[in-house]
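Presented below is the structure to which this report refers.
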Amino acid sequence: MENKRLLFLQSFIGKHFTGSPSPFAHWLNGKVISVEEKAVQFEFEIRKEMTNPVGMLHGGVTAGMIDDCIGVNFMVLGLEKFYPTINLYIDYFNPVFENQTVIVTTKLEKLGKTIINIKAEVTNKNTSKIVAQASANLALSDFKIPS
Amino acid sequence: MENKRLLFLQSFIGKHFTGSPSPFAHWLNGKVISVEEKAVQFEFEIRKEMTNPVGMLHGGVTAGMIDDCIGVNFMVLGLEKFYPTINLYIDYFNPVFENQTVIVTTKLEKLGKTIINIKAEVTNKNTSKIVAQASANLALSDFKIPS
Amino acid sequence: MENKRLLFLQSFIGKHFTGSPSPFAHWLNGKVISVEEKAVQFEFEIRKEMTNPVGMLHGGVTAGMIDDCIGVNFMVLGLEKFYPTINLYIDYFNPVFENQTVIVTTKLEKLGKTIINIKAEVTNKNTSKIVAQASANLALSDFKIPS
Amino acid sequence: MENKRLLFLQSFIGKHFTGSPSPFAHWLNGKVISVEEKAVQFEFEIRKEMTNPVGMLHGGVTAGMIDDCIGVNFMVLGLEKFYPTINLYIDYFNPVFENQTVIVTTKLEKLGKTIINIKAEVTNKNTSKIVAQASANLALSDFKIPS
């Protein structure tokens, strides 16, 4: 069976994901770097409104980017039912400053009948330093994803 | 010693925290409900740009609200040095929809020399259901908070 | 319907849970303090073989006690299917020493169709200090619990 | 400077770590597979007393093995001060049965002045399946490690 959602996302490689059905994703304004079923990669530029009082990328926005990319990776699996996030764990390692760019890479770790685990890593494109690492579990719901 | 940051935040009780030094906090646009050293409470209205593809509050924005309120609770402790977040753990329980309001309540659990632990709970004001619970650890840095 | 597992555990209140079907629980040798469907409380005495190189309760044993009590709390819910632990998160706060006693208290936070969340708190009975706090998610499996 | 603790542990490669200063480590009875400063690998055989009521490796014992190996990896860094574990996060993927063997591999992710992050992965040697993945943060204390 053709995976339409995967093909759709792949059509945005190298571009901002303006076709996202997620309003928050538009605010994050990520650029699609690479997409396959088991891994996706996005880039995000750090705008002033994404920073904290000391001028660094706000940890809450980092969390937002991670959760959004994990959601995209889930979507390209092509499943029929929606799997909401059950829990999200993040380790923060190094700061990022305004106007720098981060790369978020996700990786499918487990694809179970009930539970999906996806990990994420965030790196600073300008310094190559690791910014954060994360793990999320998603659980099957009754909610059908509209095609 | 007078805790100026606590008094400043308390001056916003019942109002949006327009005096926040955090650009991302302005985007979240939280209203201050109550503030003391060991606990703060904010309300956030869910705007369309905070939602995911299925019309619910995006888990990444929930994380952003949690991390922001934990940061505020840290700030009102009145410490001289900055404690960046080391890790953030979130359990997601129930969805929230556009135009609903969530209440984020934080609580200082541990105030150590090196490590601070703050927990958070998010509830849906419209339904009284719990939306998420979280725990974060912050660690002492050399960075002095500008007064 | 009578909850046989709850009644069985309650018959051990004030005693070591020698009737546990869990071999590891026998090694932990917990004493049942209180039991209801939504919360259980156990006490554990710290033996030398539970300590780390600096004479404190080993963080891995703390994790073992937490996971075991969460498992007991799940069992007394009286469900037919087994819910394995999907993830466990622990914050460590204060040390415990050999021959001291810890109290582990669990609390059912969410009882969903697919996901159950149970939290735990560990305190030092000798000092009343908090030792650790934890959260675990359990997910429905096909495995039927033998009656 | 010679890293004595690293050399000591390396002298046990291929053998059970009978020289461990940790009483709980003796109960776990791990065999040292490989050791370097940034990664250690241990094997553990699953004995009956390590199992849960349904005959699988108890999640609490898995946590114990993970925490113990993370502690060993910390020790071979050769630092003077003790860094207690601040938090431990574990995802559980697949069960392990009595008499099977698990391999625990740790990896130093961050070596900061105040915070150390070490990750761990547990695999089932008999089936090659992943059993669990984990992340822990350790924080600097005033406690000097006895030489």
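Labels for the chains are A, B, C and D, by order of writing; each one numbers its residues from 1.
Note that a contact is a pair of C-beta atoms (placed from the backbone, for glycine too) under 8 Å apart; a residue touches a chain by one contact, two chains touch by 3 or more.
Remember, predicted model here, so these are calculated numbers, not experimental data.
Student: In terms of contact pairs by residue number, which of A-B, A-C or B-D shares over half with C-D?
Tutor: From the options A-B, A-C or B-D, the copy of C-D is A-B.
Student: By mean C-alpha coordinates, which chain is most distant from chain D?
Tutor: Most remote chain from chain D, centroid-wise, comes out as B.
Student: Which pair, A-D or A-B, has more C-beta contacts?
Tutor: More contacting C-beta pairs are found at A-B.
Student: Rounded to a whole Å, what is the gap between the Cα centroids of chain A and chain C?
Tutor: Distance between chain centres: 35 Å.
Student: Taking each chain's centre as the mean of its CA atoms, how far is chain A from chain D in angstrom?
Tutor: 30
Student: Distance between chain A and chain B based on Cα centroids, please, to the nearest Å.
Tutor: 22
Student: Which positions in chain C are in touch with at least two other chains?
Tutor: Residues 86-87, 89, 91, 135, 137.
Student: Which residues of chain B touch chain C in the complex?
Tutor: So the residues of chain B in touch with chain C come to 89, 91, 93, 109-110, 117, 119, 130, 133, 135, 137.
Student: Chain D touches which residues of chain C in the complex?
Tutor: 20-24, 26-28, 48-54, 58-61, 63-68, 71, 75, 82, 84-92, 95, 143, 145
Student: Under the touch definition given earlier, write down the residues of chain C that touch chain A in their complex.
Tutor: Against chain A, the touching part of chain C is residues 86-87, 89, 114-115, 135, 137, 139-141.
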